[in-house]
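In structure tokens below, several structures.
Here come two complexes built around chain A, the first alongside chain B, the second alongside chain C.
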Partner chain A sequence: MNRGLARERRILNIAALVLAAMAMAPFLWLLQMSFKTNAQIFTFPPELFFAPTLENYAALWETDFRRSFVNSLVVSTAATVLPMLLGVPAAYALSRWQARAAGSISLWILASRMAPPIAFTIPYFLAYRHLGLIDTWAGLVLIYLTFNLSLVIWMMRPFFDQLPQALEEAAWIDGATTAQGFFRIVLPLAAPGLAATAILCFLFAWNDFFFALILTRTEAMTAPVAVVNFMNYEGWEWGRIAAGGTMVMLPVLVFSLLVRRYLVHGLTGGAVKG
Partner chain B sequence: MTAHRPQAGFERAKARFFMLCLAPSLAVLALVTLAPALFLVVSSLTPLDLTRPDTVGDFSRPLENYRLMMADGRLANSVWVQAKLSFWTVLLQLLIGFGLALLLNSRTRFLEALRTVFLIPMVLPPIVVAIIWKVIYTPDISPMHWALASLGFEVPSLITDPGWALTAIIIADTWQWFPFTMLMTLAALQMMPQELIDAAKVDGATAWQMTWHVTLPFLKGVLLVAGLFRLIDSIKAFPLIFILTDGGPGSVTEVTNYYSFQQAFNFSLLGYSSAITTVLLAASVLISWAIIRSIGWGHRE
Partner chain C sequence: MTHARFDRRTLLGAAGALAATPALGQAKPFAGQTLNGAAFQSTFFEYLKAFFPEFEEATGARVNFNTQAFPVYNQRTDLELSTRGSALDVVNVTFIYSGRWIGAGWLTNLSEFVNDRNKTDPAWDAADFVSGAQSAMSDARGNVFGFAWEAGAMLMAASRYDLLEKNGRSMPTTFDELLATCDAIHGKENVTAFVADRLHHWNWIPYLMGLGGQVFKDPPGNLTPRLATPEAIRAAQWYGDLLQKFAPPGGLSFSDDQAMRAQMSGRSNIRTQAITWLVPLAKHEESTVKSTVRYALMPAGPAGNFPGSNSHGLGIPVGSRRKELAWEFIKWALSKQMLNRIVETRGYPSVCRRSVITGDAFRSALTLNGQDVASLYLQVLELGGRSGYMKYRTVPVFPQVGDTINRGIERIATRQQPADAAMRQAQQDAVQVLGRAGVQVDAD
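Up next is the complex of A and B:
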């Protein structure tokens, strides 16, 4: 590589670094706010070096936010396990069975990914009022199936497509049933796909704001809705809002960077291989 | 062919197993997606208002809601706001995503690490993104307002200023979603055949000519798909508007989705809202169809 090219590369690297810093700044600002006292939050010019305090987090944990956080954990876990149990075998069947039926089912799945959430919210809201499912864990888990079941099917099918069918056929010849071939041979080989899909399911359920806003009140309120309530009812507790926001985003950040290879695939319903 | 009969039995058992795998999912999917969609269309034919019990199941004037929509100036305004929001966010996200993808398209460890950093806005919970921008747009605690003030610009809060509120939403939405178009473009760039690049180099193409005549035509398809996906998602815009402006000031940031939400859950006019939502649903199915047409999704590779 000649010197001119190396210099050009260096300039481009610096440009990329500056842009990354700019893109990160809004996010870092919220993070540092959560470790400041309310007085410090209103101090400008901002102190670059300050003694971080955990008082926002401590105060937050004394409120109903704790229960909302637990609600979020429970609901997101259930909204991961249930679609996985239903969707993984379905994805396997679609991968190995007739491709013709698979095509039209895929269309249906994409359409349910595209539908505006309010299209589901109105009928669910009306039905839940009759069924007594407003403000319950079960009500949220059920409506999260609308996106997570489709997600599992479209994420897992390509994983099964990649596994050669010869593997199961060998097992069948040795006398294994189709079910045994699936559980003992195929599933263990698809483990990385299963992990990535489960994480994405958890994230989508965890991130939901709209459904929880309309279908919960107090008992089943999830963490994102609880954080927003700090804005509406308790004045502008900026420190607490920042701490709550940080607690909502931390698990998401860790998990999603683990599965970043599959993010595009999960978001586009398999339209693009990331 | 002595093995013929047990073979046929096995085929039957296999079909039964696949059916058993598929049926529960399809039944649940029908129950949780198709049934509600049908219910939505049905309730759009009634004047359903939860504060007036007599409106439940009143099909005497089934197309009344759709007729009202035609004459609703606030609805027309919301479609215009939606068009502006969609146009600017999709355009900016495509430009920024494409530019960054070109900048980062190199297999050095430094750039690979930076790519991960650029993903962060997209993977944050939408509600956290909204809180972040609420902070930035609130003058008392905003580093942006402080920086502008120290440069001598006293700017009013963007989200309460009718001339700026929509722009404020567009900026926040662009920040949240440029990583998506960037990721899709990067994925496509990595599939660009080396011969194409080499041939252009042999012909003595400059970097600009290369981008314009080689890279851009190659990426046309993926940029179109990325744009369509963002277009559909922009129709669903909710948390940013809910937290930052609540549709205001006045109705300058009230997109159709948000107007429908307010009709249903602030004014209890669920029948009317169902009619608006039915039209929105039809629009998003139409765009999905365009996506399927442009990429042939659903077919096996």
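Up next is the complex of A and C:
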């Protein structure tokens, strides 16, 4: 029986490794491409062992990609912090509000995510042109804010729902105000949910291509659009595309690894009430 | 970016270019204005940017010209033009969008500028632009909405011509010879005989027309698709076989650049494609086939020779608030003097003025591996202009129909469907997309 179990576990482990390798293959392929010259990239059959070069990264840093990378960092950070500042208290209020209207208000908040992004393109483009928001950080942050706000409210509300109200009531009896109860009692308990929600907000803004493509030109262009700019009419700069793609993935990867404990807990934490 | 050096010759050239612009007779007529331009990234604009200071010095205007990746530029400009915005004063008129942008009235009629002697000196010579390159820039009444800065003329290049010679072959001139040549050289020294990229609605059409077929019945007036005729089915089968037998593994999904790299690295031999993708075989620093590459006209089919040609031009959005300045810029950028300077100093290979193409500088720039490719280039552009067979490509709905063609050829080349079924499906899909776009087609 034990031998059978061990065999089964070995098979499952091998299957898991194969699946992990398959899932990682595109990323690993991109990564190794970024350390090759164009000539090496097109060598056939492909070389698995080669003398790596940093020329693609060096070349990347000499172009406007550097500015686009900074744009992405600034815009994504703002598009994470602002919705969290506005959305978390809103989610708490909706969670504790006993009126029937709370449900329908929540539904209306979700409306901004009920249509595909392309449906909002023309109205946003025209409005931004009149307001002078095309190709600005503010323009991008504003649009990401509208989408992320509903995400924050809908993700955080179940976390607050599952926290016993008795904890806040105890704090109030001890003399805490509503705000003190929220900041000192409720928020620390909802930390995993905050981390998971912040990561998803950051990912949405960081990975967005469509709105950045339409609503920026050169000044506020973000990294994902800058990578596409290496696809020139007369030839693609494969090495730079790979290096740019790797650079785009790097911050998300690092951020996710740093908070992975909270992320796993946070993504499942709000799923069960009580 | 490299900046041009200002020597005596440069200044004389600049003076010549600017002398052809009557408005510039006044001192700094556009002082304080900013010209906003956009185009997709191309070496032409990189070269031109180096001369912007001369234009700014002569006009007093500031030039703010942005270039983006091809798909990014097209997406942004399509949106900008469709909303009749004033953010741009000069745009690139992209070939595949030219019909849509001109037909929708989003571009300014430049004939009014050309015909006004106060705005255009006759010496600027608008008729000097090759007709094949200009055909996509005009409407049915002959009004001009752009002037071509770049033309793509489809040629044939064999990256390893030495392999053809070793096997007793010369550059094929007919479809039958092309097949026989591919058969003779395929796999020799690990080189596939043929390579193409996945844009079948560009690459396949010359073979379709060469075998007597058409994309539409009579474009741009009658857009009834003709994809399931016996000629079209035969051409699709022929081309599908060519790819299936002689293209490298994975070749069906190759991008333009991947196909070029396959040739540059000597992995694949023959390709029929626009000159832009073939010149690097002889000039690119990473090319391994510089000494073995050979060029020729597209092979002809029983019905004739129909090499693809296209062009991209400079135009003025209808919403621009600085049209006069924009026109000055276009005249300056595409003057004979400026184009000659760009050819002389940078060897740019795709200009569209006949006087430049037939000049010594261009001939010298396009003498590749000892062969005069300039004359081949001009022949193709003239072919396209004479008979107008490229009109199919400038109709606004072509991109959607082109997608159905791509899918049809892929199904044949991968043996998912026989040619007749695949092309009947393509025809049906094309009729559907045309119907959705509101295009009337014949009942048959």
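Assume the second predicted complex is superposed on the first by the 222 of 274 C-alpha atoms of A that agree within 3 Å, B and C clash if a C-alpha of one lies under 4 Å from a C-alpha of the other, contacts with A are read in each partner's own complex, and residues count from 1 in each chain.
Just so we're on the same page, a residue touches a chain if its C-beta (ideal position, glycine included) is under 8 Å from a C-beta of that chain, and two chains touch if they have at least 3 such contacts.
For clarity, every value in this text was computed on a predicted model and none was experimentally measured.
Participant: Comparing chain B against chain C, which has contacts with more of the residues in chain A?
Facilitator: B
Participant: With the two structures laid over each other on chain A, which partner does A:I134 touch: chain B (first), chain C (second), both, or neither?
Facilitator: After superposition on chain A, A:I134 lies in contact with chain C alone.
Participant: Touching A:N229 in the superposition: chain B (first), chain C (second), both, neither?
Facilitator: second
Participant: Is A:I214 touching anything from chain B or chain C once the two structures are fitted on A? First, second, both or neither.
Facilitator: A:I214 contacts both chain B and chain C.
Participant: For A:P45, select first, second, both or neither according to whether it touches chain B, chain C, the two together, or no partner.
Facilitator: Touch status of A:P45: first partner only.
Participant: One more residue to check, A:L126. First (chain B), second (chain C), both or neither?
Facilitator: After superposition on chain A, A:L126 lies in contact with both partners, chain B and chain C.
Participant: Residue by residue on chain A, keep only those touching chain B in one complex and chain C in the other, then list them.
Facilitator: Common to the two interfaces on chain A: residues 42, 44, 121-122, 125-126, 213-214, 228, 231, 238.
Participant: Which residues of chain B touch chain A in the complex?
Facilitator: Going by the criterion above, the answer is residues 10, 13-14, 17-22, 24-26, 28-29, 32-33, 35-37, 39-40, 43, 100, 103-104, 110-111, 114, 116-128, 131-136, 140-141, 143, 146, 150, 175, 180, 183-184, 187-188, 222, 225, 229, 232, 235-236, 238-239, 242-243, 257, 260-261, 264-265, 270, 273-274, 277-278, 280-281, 284-285, 287-288, 291-292, 295, 297-300.
Participant: Could you please specify the touching residues of chain A with respect to chain B in the complex?
Facilitator: These residues of chain A touch chain B: 12-13, 15-17, 19-20, 23-24, 26-27, 29-30, 33, 41-42, 44-46, 86-87, 89-90, 92-94, 96-97, 99, 102-112, 114-127, 142-143, 145-146, 149-150, 153, 161, 172, 177-179, 182, 203, 206-207, 209-210, 213-214, 224, 227-228, 231, 238, 241-242, 245, 248-249, 252-253, 256-257, 260, 263-264, 267-274.
Participant: Looking at the complex, which residues from chain C come into contact with chain A?
Facilitator: Going through chain C, the ones touching chain A are 40-43, 66, 68-72, 75-76, 79, 83, 85, 87, 255-258, 260-262, 264-265, 267, 276-277, 280, 286.
Participant: Touching residues of chain A toward chain C in the complex: what are they?
Facilitator: Interface residues on the chain A side: 38-39, 42-44, 121-122, 125-126, 129, 134, 213-214, 217-218, 225, 228-236, 238.
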